[in-house]
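My structure is below; once you've seen it, I'll send some questions.
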């Protein structure tokens, strides 16, 4: 039974080879994988800038900098996980509904195999088919959502589906357990005073960046952990959670954001939670001339993968949920 | 009765003021305009790169370099034309059909006022609503199409509408007179041997870049003029007609293209034709770090505007078609 | 009586239309405006890099990301203010004195109409004609100045006017009330030990970045508020106040600066002050490949506009000062 | 027996999937391949700029724009060839000799399987191990070398191996048939008057850009064909053969070069020759902000692959040389 | 008596050392120099973009690619010339008149020493003090001017001195022999039909790009040579003479320009003329992300230096004009 | 006896002149210098990105922004130090051993003259010859090392010398006093759990970024000072110590790093230590589109130079160690 791990960077240089996430094997062997990196190169849901379809390519390229041992969490990822780069799910550029179907279909296969998908976006509109796939396989989930925007607007230009409406849709469709879900980091100008209230009305907890600044990152992390509790959780990380200085290559940058260090602290603070799916979205390489956004996104995916490894390490039997 | 012309650049510097095309007034007074610059910031029809929604902004910005007298054609544009920057037509990002309706609606108003719209794209998929609007107001037109691609594929991913299928659709809908229409500059790898035959089957004449290289630019221009004859003609200029060295900021660059000088020669060679509408499309500013693509596109729009001025100069009564 | 507010971004996408600040109407109707965004595309006063003449264009473009409700201050700006994009004042590139005259003339008209101008620079040398205009209309003002540099040198190359001498000149000309004025954020290498003492000798209070780091942002904000008191105040925000990571596109970057979040805290902390004029200066788009500097500057102007809205909200009669 | 061809771009978009050349399968199944794309991410041999180690990544990414039918040569490549993306050969960054061994070893395996390798560089120093591998498997070859530089200097800093000395070494080692070899396109300042004479002394024919300009591209192509004759030929294409406008992202750019169109004409003119190996080198992505160099290089590799297809089409039995 | 030549690039790599032109010694020893590279980092005369003050730095950096033997002219430059990098002349940014004085003063010293200055701009406004210095030392000169613009406008914004008026001023001041002077390459939109007639009225010959395209480069070169005849000639090369594809980093780019190869042909065609001074101007590094403009400019300066070397080679006594 | 100090920026603008560090004289007069800026443009030791050979050029260019008085340390540098820009030491690109010899040789001369070299890298592999030179002249030193990576791996690809192994080598060769040496700032994924233990085994103290975040910057600085004590110390500053937002242009960026302000605090905190040599390394200009990395590196060198000035100010006799 093969176990999948990255190529050895002491043997072949990290800049060599076809670009897969962390130099992992690009296979679709779900039977022998615990987690799968999956690209979802879709950006038809973007309301301002576009180009997140090239996000998976950029994140994969930047991920070659990553190494297998995470010292902040003291875990060697591939001692506990077999991980593959599954490639990309199908999308139909220019067509949201059709793309949603194909993305859901692709991810559902992965979830049903008991494999944790870590999706590289793509704009945030892909979260809806992601959650549809997850819920279809595992039932409604908790959500830990890190973002400058709540993405719970109702519609843009009379249209229900885009990267600003996705979590409202997810609740309406019963894909989430709002009472176990939380949104963190909202900031920046809004259309109306009530914009963020929408999240509360949907049942989410919501912590703005202003609130985090008052209560501190550690306390906020504790609130996230408390909210999620023992539930299976989906982690959605929009790179505009951090400041444009740290992630300029995104679709709707908002100044006043977190540092990359703080983003790490948020994600690392989730250690122990049972992450069953995740995404890292809103990377727009054409707006990332120095490449720092892609590096940040690769690290975010890496920290989430670490969470999966930690959970497996502590709950070795957990993987059997679907397959054993 | 006001006449619209650019701000005087000996009085206020060209880098000042809100960016309109050539520093023209941004008004919607169709009654007193002969031609109108119109942005169509739509890029949901793109099959590879995206971002042409920022094309109108970039072209307007670059157009501040233009001056009112065209020495190669010996005409001072605004002695013969009153021109406005109409702003942008409405689009619904992520939704092709709805955008087509809105673009058509916006442009039809302009055509029906007897004003010649020069549309700044946007990806090439906007040519369909452009031609629908033009045909609705003026009946089927001749087409002079400069592009590396014929854009007559039938479908992508089972979808009929995108920037690669638009001229097939236009013929199917009866918007063009194929026997008076011509496509110039096709080059680059194709999916199949028959790809370009599709244009011939639709009734177009088609001259590849390879053929132009053999027969020369002047002879090719003569063939375009002969093909169009006395018909009202729509000019569609895709910036990938020129080589990526001259227009890197485009969606599907093809090496081996024309120089900017040759592009000027093609457009200048159309002097005397009755241009009733035009577009300059496929400018992707995020891929244009040195800004040369936007400068080229602004110049292409300028040469087309010159064609309108020349026709008016020689046919002063022509404007009355709809309004006098 | 028209009220001016931005275009509705649920109706037309934010990336569409001619670029005005926040998609506001570009009109010169001072009678019906409370505040006016004004570009001052002047950069002949720069001592190192140049190119701030394109600052207004870049800030206007980035401002399309802004939305009308400011949650951190709990105010919907356009419920309290009618705002226009006035366009640019005249400048004569290459000629400082003449430009000063024209800038002053342009801004004085605005001040005399009782409208608050928020000026988009341009290099910081424009602060002198700004203050001349403000003082001519309203008398000497308090100054709240955020910057890495005090800009109180006496001369460069024997020349009195440039972006490093402007506040010394302003005091010499009696345009400010130094005892109500304060400079915050100075840092970076200096020419001589006495460089910052010059500000004190002019009567200003000055708080270096080093001091802010010791006493904290909140305490510093309190000192600014205390210093200004009930005076009418001019806010001058140089983007090099923040660190080059957050604002690389500036003329004389100094490392060790504030974050974008801290900049927001400084500006938000001025709530309640009577801002009668302001500028956001030293944006050099050619050095801003990821566009983050323009986004930051647009947000700074937005926070200042919020201050004006807050003051009007709390003092509805205040607008009548000049016109009612 | 599997045949390898690119993914179908009407089914899945060209921007999706792990980046292999033209979306070909990334396998090492030499038994069922006619040609193999191979990366050689080595740049320790560079004398000025560096960074060609990222060349294979950039070329693979750009190659997603290519389509399978080459209209200029009227051939559908994958009707005649089974092609794989073999991935990269091993290199040891910082160590030329060791890298040469590993590169040779990797390529020799391919040659010995009767598969034609098309190598994506890397700096031009990799041509030596390429030719060692080719000669080991097939004996001395003819060379068709397109480049601004002859790369026949003897040494730099007393060192024999780098990207400027490689073809002198190849002759010294007996890897080439100089009397069947030709260098085209040399231009730009030299160290000494005798620099290009070195090529003649080694037995090569050499045609400078100045000479091509006098005699024309067609005549030059004819000379290349005549020189090579019926020999098995290695094609080495340095992207600095074209002008920096068309290929800025290279190590030692020389102005006054060819256009991309002319480069295509040179390569297309070789139709009928028996190409048994090739490289496209000197792509430095960090100096290629608009990506045009990578697009050009991908097209050059595509034209060379076309040559292999044409030869196979006309000589169906040729493949059996080693394996049948 | 020292002779100055570049550092040996076989001994120390070309990327090492403080950046001087071609790695020449940075000294001010005019007694032992035949030619001097001089920076004039002035850009206050720019009417649109700015930033040419960083032109000398960029050109010096790019010039490290140049080698001492020019094969197209068959001359090893430093066998005939001792050349220094003189550094920069003084300028006062923001002040045209004062800068003119300082630039003239700096260059006059060089001319009076019998040394040929090759000036690296800076915007084109520096040509006036250059010509003042040259005429003061050597009397009125012939001019060979390569540019997209004639730069003979009378004034901008009521101001006489900037980069668009300089050659009119030079004639008015008697610095040139118009009957021996010629302008080549004018193209692009103009303000009025009579704009180029101004040059003829000043006594210049003027050949537009349109005319060159009709008569050919060779014939045009012949006309330049004939016009200049035996006169001492000043060569002024504005990089916007070439197309923006080859020189994007310039102040007022005009599409439809020459290739870098053609630029070389123009300059090489002047072999035999007595060049006593020259400039290469309008390089704006902030608009030159791929660096090709600086490489082109360095090559232009190199070709001009070659002209000086050729003249000295053929007229060994010529240097004595002033000093022997 | 000459004293060397920067050109006066009130007399000539900072953007003028050949680029030396801080506009210092470029001479090799060690007899009259206290400190020397030295470039080491070597990058053959890089394991991922390359291009640090252009680091010295970029840092010198950015350093023109620096001014002579450091207000945070209250010292006017050149009142206490005579400083030269020594130019670059020799390197042999592509050859590590030979380059090490030449770098050592060049620096040893400087150390033996009693001059403090501040080396501008180059990749971090140059630290080995730096320390060899320092130890040869002054005996084993303490080390204060700021970096995201400990650089104490044993080998890459079986090779002992590169930018990741250098401090292990230095200890093995007895160049350092490990018990007086300390490494600060390590973070980011590692190959194995034991990677950082290697430093402890070598005798170093090591403080990770995680630890700094817990104990604070001030406390960490105190630990560095305590560790070094009265020893002569070598300061090695890798720009990846700071976050990629502040220093994107580096070879192996790690998110979660320090701010530029914190970097200044670390370096300023060393006031009083006897710095006898230093480097600032891993600046890769091709990955630094906004130039912020070079500005940061120039400031780091400036802070280190300040440390030397402070020590001299307090210990005026100290300079005599070797020469008096």
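For reference, chains read A, B, C, D, E and F in written order, and residue numbers begin at 1 within each chain.
Following the convention adopted for this analysis, contacts are C-beta pairs under 8 Å (C-beta built on N, C-alpha and C of every residue); 3 or more make two chains touch, one makes a residue touch a chain.
Please read these numbers as outputs of a predicted model, since none were measured by experiment.
The chains in contact with subunit A and with subunit E alike are B, C, D, F.
Set side by side, the interfaces C-F and E-F show unequal numbers of C-beta pairs in contact, with more at C-F. Of all residue numbers used at the contact between subunit B and subunit C, over half are used by both chains, marking a mostly same-residue interface.
A straight line joining the Cα centres of subunit B and subunit D is 38 Å long. Among the residues of subunit E, those in touch with two or more other chains are 12-13, 15, 47, 49, 53-54, 92-93, 157, 243, 245-246, 259, 287, 289-290.
Listed by chain label, the pairs that touch are A-B, A-C, A-D, A-F, B-C, B-D, B-E, C-E, C-F, D-E, D-F, E-F.
Residues 12-13, 15-20, 26, 39, 41, 53-54, 56-57, 60-61, 85, 87-88, 90-93, 289 of subunit F are the ones that touch subunit E when the two sit in their complex.
The touching residues of subunit A, counted against subunit C in their complex, run 47-49, 155-157, 187-193, 195-196, 208-210, 213, 243-246, 248-249, 252-257, 259, 287-290. By the touch rule above, subunit D contacts subunit F in their complex via residues 43-47, 49-51, 53-54, 92-96, 98, 157-159, 161-162, 286-287, 289.
Partner subunit B is touched in their complex by these residues of subunit D: 9-15, 64-72, 74, 76, 243, 245-246, 259-261, 263-264, 289-292, 295-296, 299, 302.
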